[in-house]
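Please find one structure pasted underneath; my questions will follow.
A, B and C label the chains in the order they appear, each numbered from 1.
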Amino acid sequence: MLRCRQRILGSRQDNSSYLVGGLTTRLLQAREEAWRDPVTSPGFCPNGMNRLSMGTQGTRERLAGTNRRFHFGTEEILQLCAAATLAILGAVVIFVVKGAVGSLLSMDLESAVIVTAAANSLAIAAGAVIVALPVSLVSALYITELAPSKPARAIWVTVRLMSQVPSVVIGLIGLVWLTSREPSSAISPVMAAAAAPLLLALIIYPRFTSFLVEHLRQIPASLRASSYALGASRWQTIAYTVYPAARSGIAAAGFFGMGRAMGDTAVVLVLWQAFSGGNLIQEQSQRLFTLPTAIAVTAERGWHHSEVFVMALLIMIFSLVFSSLGRRFTQRHWRGKE
Amino acid sequence: MRTRSRRRLAAGAAVYSSIVLTTWLAAGILLLLVGYLVFRGLGPLAKVIKYGVFANSGSALLPIWFRTLYLMAAAALLALPLAMGTGIYLSEYARESRLNAWILGAIDGLAKMPPIIYGLLGWGALAPRLGEGKTALIVLLASAIWLLPQLSTMTYAALQDVPGSFRRDSLALGASRWQTAWRVLIPYARRTLAAKVLEGMARVGGEAAPVIMIAAAWPSSYGQPPTTLPYHLYSSLVGSVGPAASHHFGTALLLILTSICLQGAAVQLRRIDNDLTGSVRDWERGRW
Amino acid sequence: MVAVTDDKLVMRDLSVYYGGFQALSSIDLSIPAGAATAVIGGSGAGKSSLLRSLCRMNELWDDVRTEGQVLLDGQDIYSPGVDVTEVRRRVGLIARHPYPFPKSIFDNVAYGPRVHGIRHRHELDEIVKRSLKQAGLWNEVKGRLQDSALSLSPGQKASLCIARALAVQPEVLLIDDPAYNLDPVSVAKIEDVILELKQQYTLVLATNSMQQAGRVSDYIAFLSEGFLVEFGPTSDVFARPKDRRTEDYITGRFS
């Protein structure tokens, strides 16, 4: 190992006669210092960065080269970071799964509540996506394909600014909207449940739109240009060129939006707290009783302790399924290659 | 030359105007929402800034706001080093394999997990271990854990988005992977990274769910001062009977303004980024 | 005709696979020191793979497999324990259509010396000045070294990338298609620079253009579908090609 380095070094010294000038000598000197004592050489790669290598050369070879028992390079530190992240995230998953398995084994679950909550969650989220997705698609097409630059920019900025609106605020708006005409006692939970998807749509519309705009911008301009060059009208270009290329993005947005709308807590929770009368037994109020609401309410009031984890596991599984389905449509194949 | 029939022109105009109408309507609803909050909340907010407390509820708003800002910054600072290390490792060092793809998918899945899961973590795992009274610490930890996968995937995506020629040319000059990442890729992606961190902070500062769960760990402390702005709004909404009061609008306005400011900074950063390196991006696109 | 003193790079039974696809098949080739060798062949013949495998840049692909040896001054660069960054410093690669980093002109050229540990400002100044002079760019940019490199014209950008590669004092310079996407004036300028450089460096050029190969190279290696078909002094290959495929390629007949 050391010998072969010296061979490289020696051969370079032999061949370096054609490299002239003091500068070159300095560069070579610096390299030689690094070779001689790779760990402590001053002025040359003080933190051992350029000893890092890649590809076929693994940690073992580098260990052998530095004559140190514990070589701690950048790669190892980054590896530790990744391992720590995975450990923390793994702990989160294990915590939920363990709790859920424990509850399932204890056999005193009210499974009806869980099933109802899951169904409510799915229904409300699907409603939100059905409302928001077409509007977002239209907006995204308007921004990228149709609008003059100034209105497009105005809408784009609005959408971007509103894409992280806190959901409690939307909950407040929903409350105000529903109680604007009649007192809250007159509002049935069914009505509130019908309003929930609209409110959630308000939350996911900006996200959908910015996601779809980013996706449509990825479509190369040459694709559109060649469509126009073949004599297609603007509508034909949208219908036959832009839309097919955007289809995967629309599907991905739909799945991501489902996950997002299902996971949203505060909007439905605020409505549930306001309109259910706080009575879990009431049949009708269960329309608003989504998984996150159920988790928050059960935790808050100390009911059905065991069901919390099962519902959390359920929402985790739903979220994972939706995000992996969404990711399948936005898969990138490029990875640091030429 | 065939002239287009009147009918088709009319149909085109109808479709176009309906698209314009829908878009402006949707964006208009969002703007109306902010306008309504400003209309109802500006007075109370100005008063609370002037006198320190809300006139009718007696609760102070600014300390809660500061605590929220502190939580956002602290959670981001706590999560960022680890997340960036993870992102750099997965993007620049790890070999492309099925395992690597699986790990990336898992981290991305956890990044998209509903925040209530992280609240549950605080409620069921952190609270019993760290003990009562450490609500602030537990909320901070839960938020940092929530941010961790988000910032990891965002670092990964930002590095993957850097034109491949920079990585190639830097390595060809004999730079190590770390030097390439630190001196070329991250400087190139820094505005995207900063924008995404701001976005993550906005998410942490605006989400009530984790705090709702963590506060639920101690039912006795229901009356204690809540930790963050969204939780304050939630608990005062739930606690009050009857229609929403003016201080709710004041709180909501402050909350939405904070979120909009953070997002605005993020948008501005991204815009400058696009102008700066658009030429490289265009060239890359042309080459593929 | 440059006298052959030594072989700088020797490929022994070099094969490169991308997954299941074999890009190079048992190449045995010796690159003479202090001369310009042109690697010619149609697209997909393996020119770029050959150049990349000479400085271990192929390893950026995860599914790539390299077999055989590449000897740099008699030392196999693929043997375990060899520092990849050192190989890449000694064997510089200017990839097809290189692009300056989004930094200033000075920082672009100084990037290589900096990652190899040179910190002193006056040393960097010297290196930058000399490299830019060698690349024939000094007179055009000497007043605006702190300007963004992205403000240069495409031809100047290509020259800047040559200067950037020269700044780390490589012994061998691999240039992949120096004429790619450039106008004829810039190409002529770069060819002048290449003619200058081959006095000091061992050059390997991959090119599609027979005219360019004839103008700047001393030796020609003709690749076809991953196989080395012919290698010899440029004048010999042009005058008396031994293989029919070479002849067809040179005269512009393609099957």
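Simple rule for what comes next: a contact is a pair of C-beta atoms (placed from the backbone, for glycine too) under 8 Å apart; a residue touches a chain by one contact, two chains touch by 3 or more.
Worth saying up front: this structure is predicted, and the values here are computed from it rather than measured.
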Per-chain CA centroid nearest to the all-protein CA mean: A
Farthest-lying chain, centroid of Cα atoms versus that of subunit B: C
Averaged-CA centre spacing for the pair subunit B and subunit A, given as whole angstrom: 11
Chain centre separation in whole Å, for subunit C relative to subunit A (CA means): 41
Centroid spacing, where centroids are CA-atom means, of subunit B and subunit C in whole angstrom: 46
Subunit A residues counted as touching two or more neighbouring chains: 49-54, 335-338
Residues of subunit B whose C-beta touches two or more other chains: 96, 165, 167-168, 174-176, 179
Two or more partner chains touched - positions in subunit C: 60, 62, 85-86, 95, 115-116, 168
Interfacial residue positions of subunit A with respect to subunit B in the complex: 49-54, 74-75, 77-82, 84-86, 88-89, 92-93, 95-96, 99, 135-136, 138-139, 141-143, 146-147, 154-155, 157-169, 171-173, 175-176, 179, 184, 202, 205-206, 220, 222, 235, 256, 259-260, 262-266, 269-270, 273-274, 292, 295-296, 299-302, 308-309, 312, 315-316, 319-320, 322-324, 327, 332, 334-338
For the subunit C and subunit B complex, residues of the former touching the latter: 55, 57, 60, 62-63, 85-89, 92-95, 97-99, 101-103, 111-112, 114-116, 150, 161, 164-165, 168
Subunit A-facing residues of subunit B, complex: 12, 15-16, 19-20, 22-24, 26-27, 29-31, 33-34, 36-37, 81-86, 88-94, 96, 103, 105-110, 112-121, 123-125, 145, 148-149, 152, 160, 164-165, 167-168, 174-179, 199, 202-203, 205-209, 212-213, 216-217, 219, 230, 233-234, 237-238, 242-244, 248-249, 252, 255-256, 259-260, 262-264, 266-267, 285-286
For the subunit B and subunit C complex, residues of the former touching the latter: 95-97, 163, 165-176, 179, 183-184, 187-188, 276-277, 279-280, 283, 287
